[in-house]
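Shared between the two complexes below is chain A, which has chain B as its partner in the first and chain C in the second.
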Partner chain A sequence: MDGLIAGAIYSLTASGMSLVYATNRFWHLAHGAVLLSAAYALYGLYSLLGLNFYLSSILTVITAMVLGLAMYIFLYRPLRRRRAGNLIMLIASAGVLLFFEGFAQILFGSDVKTLEFIEVQAGINVGGVLVTPLQLIIIACSVVLLLVFWIFIKLSPTGKKLRAVADNVELARLTGINTDRFQALSFVIASAIAGCAAILIALERNVEPRMGVNFALVSFTSSVVGGIGSMPGSILGSYLIGFAENVTLWVIPSGYKEAIPFVVLFLFLVFRQNGILGVEKGMRE
Partner chain B sequence: MTAYLVQVFTLILIYIIVAASLNLAIGFTGLLSLGHVALFGIGAYTSAILTKDVGVPFMPAFFMAGLLSSLSRLFLTVVTQKLRGDYFAFVTLGFNFLVVALAQNWISLTRGSLGIPGIPRPVIFGLTIKSGGPFLLLTTVVTIGSLFFLYRLTRSRYGRLLEAVRDDSVGASALGKDVYRLKYQCFVVSAFFTGLAGSLFAHFIQFIDPTSFYLSDIIIVLTIVITGGLASLTGSILGGFIILAIPEILRFLPITPEAVGPLRQMIYSVILILILLFRPRGILGKVDID
Partner chain C sequence: MLKISNLNAGYADLPVLKDVSLELQSGTVSIIMGPNGAGKSTLLRSIFNLTNITSGQIWFEGVEITGWPAHQLLELGVAYVAQGKINFGTLSVRDNLLLGAHHLKNRTEVTNRLTTVYQQFPVLLEKERQLAFALSGGEQQMLAIGRALMSSPQLLLMDEPSLGLSPKLVKEVFEKIREIRDTFKTTVLIVEHNIKSLMDIADYGYVMVQGEIVAYDYCSLLKNSVIMKQVFVGKLE
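Coming up: the complex of A and B.
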């Protein structure tokens, strides 16, 4: 059950990271910074300022979107214009991630924050497993969000153009698509989903400075394990990692939990580089 | 004040060894290796455990630290031989997490998150190296020795060959050079010096725990290398002094001690991003990343 919850949350962050990778061809580690900032925004607005929860949530998602877009405009785009390679982009985004981690520690302290919006409720028995209503809400939210996202990508005209950019940027540009705008759009969409994920995480778990780095690494791993640039792949990868983290708890001490995604990543990169779904696209370094 | 300066100087020198050897690995193979802090940690733990728990004298423990670090790198290189670019970077980063997780959980060996306190002062030929001046002297000798070796290496025919491999690995292999072997030799040499630096660090601070080898430390070393410039040893030395000296200013400002760590992390990130944006080759760099 814990694996399912973890997978539901990871799939939200991983699909966003995967979308950014597909359209921009670099790993946006600072996606973790968006998530971190959104979670603290919610904590600040709701717990510290005492705003209405739903209003705070909407503001949180907007914060995430603005932040994601700002990163694209002020960092990634200038870097790309200077012909920076993938590794430079990766290092720069790691820099952003650590910047926000430090910032959150200074602003809110390094201790763990809890939202205390929903009181701990007794679990309900669903098919022999104890589930709290919140956990059901999380899974439902995650599934609905991803479904909407998927339909948007597959069916809407904008989604079609996004896929064209993801497929081949040069070709998309030649056919008259404003690729820059669509690359920016992918950041906005990914960040919006990350904002929603941040709300769910703040409700179910806690808010702490380390969460940005942890989620960034897990999201990367899930995307690679599932099959790079493929949305169903990254969702599949997320659940796999979620289960792997929790199932292994039976066998090895919980202290190793942070290292588990890497072991899975490691095995996949060594033995099956194209991931579960075997997507070839985007594997050229 | 002098004691404080000696402290800072010693730490800077230790970091310069790590940065210079990381620079050898990145600048001469073109692969972004993020596992160096783990190797540094392996060196530190090896030396600490050998001298404190096993009772081995300093010198053998010191070299064992380098050797074990090399061996770990060899293992990592063998399993990552097919990887390049982002994937190589992530797997080496993962190696880092794995080592930290081991240090935290292999309690019978490392005492977990309690860390290892009271690591003995180094004893060389019956002489105990005290903290302060004498330790700085030892560190300086090791640093100069390492840098000299690395310098000779990069200037030798072997160094030229490494440069050829980095710039055109297909061309080099067409000339009959074993590209893969050159790369792993480069990594292993680099790991050896990183391990030595780890040993110095353990005996200098006299206390180590897993948090000393975390992600933020990777960024420090990486910032030094990138600020100084890839494939430039002088750059790494210069970068080390600049990057490590700047946050020391914080000590003289009225900030709470808890804020110093995060603030330092923010300063490093900003420097790193600014360098990447405005001077991606660093101060003295010869090649671009990627």
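Coming up: the complex of A and C.
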């Protein structure tokens, strides 16, 4: 059950990172910083300022979107215009991620924050497993969000243009698609989903400075394990890693939990380089 | 309809085109020929603002279009079929075509154009739900041309349409280009290696050597000229 919850949350952040990778061709590790900031925004608005929870949630998602867009406009785009390679983008992104972690520590301290919005409730017995209503809400939210996102990408005209940009940026530009706008849009969409994820995480777990780095690394691993640039793949990868993390708890100490995603990544890199749904390279040429 | 005057362009520190001027007549097919590295593709890419233009102007139907972005050129009626990866491989054939007219708001107009393109290329209709990467080389080229036609261009720029195709398919593609000129009255400018078969259908030819246009004439006259022998058989003074 915990594996399912973990998978539901990871799939939200991983699909966003995967979308940004598909349209921009670099790993946006600072996606974790968006998540971190959104979680603290919620904590600040709700717990410190005492705003209504639902209003705080909406403001949190907006904060995430603005931050994601700002990163694209003020960090990635200037770097790209100076012809920065993918490695430089990755390092810049990691830098931003660490900066936000440090910044959150300075502002809020390194201790764990809780929202205390929902009181601890007795679990309900569903088919022999204990779940809290909140956990059911998390899974439902995750599935609905990703479904809406997937339909949008597959069927809407905007989604089709996004896929065209992801497929071949140069050709999309020649076809008269404003590629810059769609690359920015992918940051906004990914960040909005990260904002929603931040709310769910804040409710189910806690808010702490380390979460940005943790989720960034897990999302990256999930995307690679699922198949680079494939949206359904990154979702499958997330659930796989969520399960792996929790199932192994039975046999090895919980301190090793954070190492599990990398063990999975390592196994995939050795035995199945293209990930679960990754296509053979030659097929796309 | 397209007029280029004294164009100098290249990439960053590397100048390629030297004072290139040309003028296309409406409704004709013209070829740019020349040895490797002569700047043929660069000339096409310059029209679509993919190079650094240092001086000179490009005019289309009396409007100066030097350095215009792609979406404005498309609205004006200029379309470009690149070389290499020319389709969105992970999208369906139909979506590929629709993207060629993505700037149009009028849905009936888009549907009409789609029907016209399918009439021109029946094989695309048969495979409209398949993903583009599954098409054969010839079909890929047809799809790319079809997508360009979706914007109803008055001027169609093509970079090496015969690249990677078998001689039989090359003929088919060239035949389609002739049909497009005759049915849609489209002006076509092609960069091509495979000049022998193309010269039978093209109207004008431009010969480029080292970034300069050294000769231009009717294809029928150019075919057996001295300059062609000098450029393509050797002995270039």
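List of remarks:
In the analysis below, the second predicted complex is superposed on the first by the 279 of 285 C-alpha atoms of A that agree within 3 Å, B and C clash if a C-alpha of one lies under 4 Å from a C-alpha of the other, contacts with A are read in each partner's own complex, and residues count from 1 in each chain.
What we mean here is this: contacts are C-beta pairs under 8 Å (C-beta built on N, C-alpha and C of every residue); 3 or more make two chains touch, one makes a residue touch a chain.
As the structure is a computational prediction, the values presented were derived from the model and not from experiment.
Per the definitions stated earlier, placing chain B and chain C onto a shared chain A by superposition produces no clash, and the two fit side by side. By the touch criterion defined above, A:240 reaches neither chain B nor chain C. Of the two partner chains placed by superposition, A:194 touches none, neither chain B nor chain C. Comparing chain B with chain C, more residues of chain A are touched by B. In the superposition on chain A, no contact is made by A:34 with either chain B or chain C. With both structures placed on the common chain, the touch criterion links A:160 to chain C but leaves chain B unconnected. Looking at the shared chain after the overlay, A:173 reaches chain C, while chain B stays out of its contact range. The minimum CA-CA separation between chain B and chain C in the overlaid arrangement is 18 Å, rounded to the whole angstrom. Residue overlap on chain A between its contacts with chain B in one complex and with chain C in the other: 285.
Residues 26-27, 75, 78-79, 82, 84-88, 90-92, 94-96, 98-99, 101-103, 105-106, 109-110, 209, 213, 217, 220-221, 224, 253, 255-256, 258-259, 261-263, 265-266, 269-270, 273, 285 of chain A are the ones touching chain B in the complex. Against chain C, in their complex, chain A makes its touches with residues 157, 160-161, 163-164, 166-168, 170-178, 283-285. Only residues 32, 79-80, 82-87, 89-91, 93-95, 97-98, 100-101, 104-105, 112, 215-216, 219, 222, 226, 258-259, 261-266, 268-270, 272-273, 276-277, 280, 288-290 of chain B touch chain A when the two sit together in their complex.
Note for the complex: chain C touches chain A at residues 48, 70-71, 73-75, 80, 82, 85-91, 95, 98-100, 102-103, 133, 147, 151.
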